[in-house]
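Presented below are the structures under discussion, each in the form of structure tokens.
There are two complexes below, and they share subunit A, which is joined by subunit B in the first and by subunit C in the second.
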Partner chain A sequence: MVTMLVVTMVVFALSRIQGDPRGVLLPEDATLKQYEDFGKELGLDRPVFVQYVIYISRLAKGDLGKSILQRKSVAEILRLRIPNSAQLAASAFIFSLLVGIPLGVMAALKHGTGWDYGARLFAMVGQAMPVFWIALMLIFVFGVALGWVPTSRKVDWTSYILPTVTLGWFAAAGQLRLIRSSLLEVLQAEYVRLARAKGVSGVLVVWKHALRNALIAPLTFAGLTLAGLISGSIVVETVFAWPGLGSLAFQAVSNSDYPILQGVILLITFFYVLANLLVDILYLFLDPRIKV
Partner chain B sequence: MSITTQAAIDARRVRRGIQRRLISMRRWPISSFVVIGAIILAAVFAPWVTSHDPIAGNLADRQIPPLLFGGSSAHVLGTDNLGRDILSRIAYGARISVLVATITLGVGGALGSLIGLISGYAGGWVDELIMRMVDIKFSLPLILIALALAVILGPSLPLLLGLLAFLIWGSFARQARAQTMLLKEMDYVKLAKVAGASPVRVVGRHILPGVMNTILVVATMQVGSVILAEASLSFLGAGVPPPTPSWGSMVAEGRLYINTAWWVSLVPGLVIGLLVASTTLLGDWLRDRLDPRLRQAVADSQR
Partner chain C sequence: MNRYVKFTCRGVLLGFAAALLGALLACGTSEPTATAPAAKQPAPTIAAATPTAPATKQPAPTIAAATPTAVTAPTAAATPTAVPAAPAPTATAAATATPAPTKAPAVPSKPQGTLTVALSEISFPAMVPSKLPVSPGGLIHRWRVYETALNWASDKPELEARLTDEWSIDPTGTIYTLKIRQGIQHHGGWGELTAEDFKWSFEDEIKEGSIHSSIGLAREAGAKVEVIDKYTFKVTIKSPNVFFFETYFGNAGGATTKFFSKKRHETLGEEKATLDLTGGTGPFKFVKWEQGNEAVIEAVPGYYGRAPQYQTVRIVEMKEAAGQIAALQSGQVDVAIVPAPLAKNVSNQAGLAVRGFGVPGSQRLYPQGQFCMKQTLDGKPLTPDPRPGYDPKKPWVGNCDDPASQENARKVRNAMSVAIDRKSMVANILSGYGQPSYLPEVSPPLLDQIFKPKWTIPYDPAKAKALIKEAGYPNGFDALLRITTGDHPLETEMGQAVAQFLTGVGINVKIEVLTYNANRPDVVARKLSDLWFRSGGGGSAEAPETVQLRRNPENAFNPGLEVEKPLQIIRKMDGLKTAAELNAARDELYDWYYHTQAIIPVVLAQQLIGVRTSKVSAWTMSSGAGSIGDFEYVEKPK
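What follows is the complex of A and B.
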């Protein structure tokens, strides 16, 4: 709650230090009358604090204002973009789990072998290489040189492949490292050694005894990545010309369309807060020791 | 002192000794030192790395591939679309990266650590308030806000430094606070208080030295995030303004020519990755050596 309030202030302040939007939007030969009327329409004639209060009360009703350039309501523009971003974030998230968890488990079980080093190299590349660089190299190799997949915009399902891998790799890398280290730790725990000593089969020990406890730390991370994926998508969406929130924000910044930018920042923060809340709730189910 | 406690202390001492020897057995991250050293040297001695000008190119030498891919030894890493030597731009770009990393970590790290020390030592509502601020900081979409600010105010080096310092202070504050809270309960700190030392003296003389290791580890681990954030902002056009060479903007410039001149983007990206990987490895090693407790905490604060 407090976070959201602070964000509204930051967002509001950002829009004000930008200066008068009328200079950008009105034609150079606009009369003073036009200038003032337009200012009234945007609410610029009142004190800053009043503008903020008006802004907040509108926000509470779900009114995000109007885009300056497109003259459409921001809420509507955002609504059109959300599904695209959500789909991309979801597929990247699933990718990170499908790749990160098995590789992490494998690296922990085959600790010290070539498999382990391979998995860690994969993680290292994902975390150390800039996202936009990975995007460009994937475009070059699979789009340009091999010509297997489309490299920009959303055409059909194949358009998902490159953005998903790009966005998911970073998250998968973190997931892998975390699973690996926490599983290694859990495998040393006494109850796991006891289970083994009792003669429980290897697979069962890993799945039932070890992995369940090893999943707690990565779960927090998953919540964070989910939110990180949404904000990390700015670069990826820009590179792939993906019609989502990230590229919308980038365009809004270059067009100085601040109502849209405000909307995107608010929305992303909201998702972030929500994701953290979900993680806290999930925590309760996985680890009964945690009490509210 | 009874015999049992003495035995327990001895046992603990032996265990600690073994642990310490195990940790020191981990090899020194020599490759990290080599990469980081080479990049710092390249930054310092940039004019001597090549004789080519990093900003003024020769249009006749456009898009020459690197030496191993059919290029010439005049331009070992090839040239970009304006005929500028990539090796030379990498070396000058290293200056920006090293400068940005040093200043942001210095300013952001010092401020964040100070805030953490105050928060941890004061406790109570001060602590509550500060930690709430840190939480909020972590849930702001900072790259977006940074991008907006850079475009509104115009991209510049001081703005970039300020933004990046703001990006990292939270991790320092969290870790410094946690360590301070541990040390605060130590007998020697309590004794210092009883002896009448002022809070400033207690924190400065008795707690800070114990927190330094933690700060150093966090700083090393944050180098990567700073470099990557700088590169991302430069890539989006919100970093160091052109024509100053920065690795992130070099990748961005190559984007348009990815079909014909892939090396323009490939090379600076590889350098970024090498530097980030090296500092991360160095950070892991330092952490295991100096402050193993951070293992979990740093993972939590990264995203």
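What follows is the complex of A and C.
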């Protein structure tokens, strides 16, 4: 709750600093009176503190307000966009796990070999390259040059591929590196050596004994990644013209549509808090030594 | 890559993706959309052949592949033209009722197929005149769902008939009488278009609390609408105003009056009517509008004018220029905006062509802080006085009460102007798709009519340095240059080039890049006294004196120029009755701007679109077009 409250303050302050919706809505020959009247209609003539109190009191009743531009309830607008972002985030998350974990395990097991270097190169590229550049390159190669998938927009299931890879690559790279380093450490532990000495098969040693204990750090990362994939998709959604929360936030910033911007950021914060909570709960199952 | 490998890779890739996404898609939610009810479509009552729909004049299908324009100054008009824009505003023309101008006949073939157009923004629907902000206000008539009384012709800079086919102006130049075509139906079953609809639309757009673009000039002119009969209405203004006619009855800018159905508004109420997609009288109707995603319009059967060749036009939002180009190149869209540097890439691809359209956007430099008025032209004192942004120490501002200081400031502004190599900017930044600009905020077609070679600004850095020295700054001076973004894809590059040219003549320029929206509150508050590079995406055929140069102190927006002289000339222009008088006044106005460089024109940037040649063979947009539209003029290849 404290986090959310602080976030409301920060978001409210920042949204007021970055622009004024009258700049978007009113024409250049608007009179000063028209400008001031419209400001009154939006409540901009009141002190910022009063505006915040009004905002927070409405928020307490579950009212996120109305979009200044669209004149629809923010909750309604968010409700329409959440599924699109959630689908993209989920697919990118699954991609990051399906790619990051096997490659991380492989890199740890084949430590110092070409497989390891290859996996680390994949991770380095994924984490070093700017997302928008990856997006444009993927669009150019797979959308334009090869013509295999749509370049952008949510058209059919194939249109998930490029944004999923773009969004999920960074997360996959992070997973890979964490899994690799954790697993390398765990594989040196005495209980693993004991298991091997007892004749337990290599597959069981790795996937049952070692990996489970190596998952604590990656799990924390995964939880935050999931929330981050939703919030961090602004660039990806903009480049791929994806009608989700990220592109909505971009539009809200461009148009100084405070209520939408506040709504999106509150929602993202909520996702982060929720993801943290879920990760904490999952710890209990992975490591019985952790008690509430 | 051999065929087998390519195919296998594709299969693996798609299969992998399918496994990942299958479950997600199973529960995928398609976004509900605002959808226009299909019912209540009235039977069209006007056929193209009926006597009430004047026939003739097929606009020439003239869109040619855009080629970089010659980097030369506009040529002087051979002979003084009539009133550059609308023929109607002069009392001379008004004395006789204007005969119904010609109209394009309906194209007999049935509209078929879908044209997909990428735009950088699909704004939000606002289907009430007083709720129409600038951008969507432009779209609903540019997309040809709503219509205006008159229309800028596609083949010449003149207004021609649209919803009204007869109009006249009384000899005093203060009463406009317009007659609407009979039998035109509002889409969605809202009945026949009548004079009452115009009266309601106009009064709603200028009422208290309206955010419509037209409010300033209409209130200044004291405009009143009176219904004469079912199809005839009269607009009276308190004194002649040469700009009023084209501003409110033409279709160039956002200020023009779009005809809404009064009945629709009364039936639905303001809130519902704002978001309701029914209505309009144009060749298309809305069927879908998802803000930030896509809008879909469909051809209306039996439209009284030129029938579209495409049944459906799907307008999709793609923020990124690179994304738009990729979608065009891959076949996902048929039309996309093309930034000049990418034009060659697009036109080199088989099946694509690049074409210019509309009015070029004006890129200019405002030397802000020239707040020298203490009262309005009507004698009302200005508050606050002085303006917060008035800083006489700024070299381009000077002390308003000291003629010598003002002369030095003028020299500084002139120095900054001749320091800019406009031709180089056109060639190197705009890839040739533009032309140097020498008159503030004046674009073709008006520019071609009024330009005189004496207004050409040479590139002369030596002269710039000399002027700066003469003005008392032998070591140059510091300046902050703000570049505002959001209007043109190359605005930052153009602003940086201007900064480099100024640096080259001894001005120590610092750059600040911010959005137009973030900058505007300080502009409105008259707080700024820096240099502002202001970009324009597309221009408009509206006379610049109607809005851009009429930024009097009572307006909210003012770029930093409150000086009496240009306003006095424009005020005088308002009441002129002949084209010769207007041209003479324009000479005086632009002589003043040329002499003072109170606004420094930089370049005019041509707007470009890339089109798929298998879908578009010709597309003659209205000569006043500031944005993509006029979809009924898209022609399919034979």
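Annotations
Operating definition for what follows: the second predicted complex is superposed on the first by the 256 of 292 C-alpha atoms of A that agree within 3 Å, B and C clash if a C-alpha of one lies under 4 Å from a C-alpha of the other, contacts with A are read in each partner's own complex, and residues count from 1 in each chain.
Just so we're on the same page, a contact is a pair of C-beta atoms (placed from the backbone, for glycine too) under 8 Å apart; a residue touches a chain by one contact, two chains touch by 3 or more.
Remember, it's a predicted structure, so these values are computed and weren't measured experimentally.
In the superposition on chain A, contact of A:Gln188 is made with neither subunit B nor subunit C. Judged by the touch definition given at the top, the superposed model places A:Thr238 against both subunit B and subunit C.
Once chain A of one complex is fitted onto chain A of the other, the partner contacts of A:Gln87 are limited to subunit C, with no touch recorded for subunit B.
Applying the stated contact rule after C-alpha superposition, one finds that A:Trp133 touches subunit B and leaves subunit C untouched. Comparing subunit C and subunit B on the residues of subunit A they touch gives the larger count to C. Touch criterion met: A:Met124 reaches subunit B, while subunit C stays clear of it. Looking at the shared chain after the overlay, A:Thr164 reaches subunit C, while subunit B stays out of its contact range.
Contact with neither subunit B nor subunit C is seen for A:Ser57 once the two complexes are overlaid on the shared chain.
Look at A:Thr113: by the touch rule set out above, it reaches neither subunit B nor subunit C. By the touch criterion defined above, A:Arg71 lies against subunit C but remains apart from subunit B after alignment on the C-alpha atoms of chain A. Note: residues 18-19, 136, 139-140, 144, 238-239, 250, 254, 256 of subunit A belong to the subunit B contact set and to the subunit C contact set alike, using the contact criterion stated above. Only residues 132, 135-136, 139-141, 143-145, 147-149, 151-153, 224, 228, 231-232, 235-236, 248, 251-252, 254-255, 258-259, 262, 265-266, 269, 272-274, 276-277, 280, 295-296, 299-300, 302-303 of subunit B touch subunit A when the two sit together in their complex.
Interface of subunit A with subunit C (complex): residues 18-20, 22-32, 34-35, 37-38, 41, 67, 69-72, 80-81, 83-84, 87, 90-91, 94-95, 98, 136, 139-140, 143-144, 146-148, 150-153, 155, 157-158, 160-161, 164, 238-241, 243, 247-248, 250-251, 254-256. Against subunit B, in their complex, subunit A makes its touches with residues 2-3, 6-7, 10, 14, 17-19, 124-125, 127-133, 136-137, 139-140, 144, 174, 178, 181, 217, 220-221, 224-225, 227-228, 231, 234-235, 238-239, 249-250, 253-254, 256, 261, 264-265, 268-269, 272-273, 276.
Residues 6, 10, 13-14, 17-18, 20-22, 24-25, 28-29, 31-32, 121, 123-124, 126, 131, 133-135, 208-213, 215-217, 219, 254-255, 271, 274-275, 290-293, 316-320, 322-323, 326-327, 329-332, 486, 515-521, 524, 547-548, 550-551, 554-557 of subunit C are the ones that touch subunit A when the two sit in their complex.
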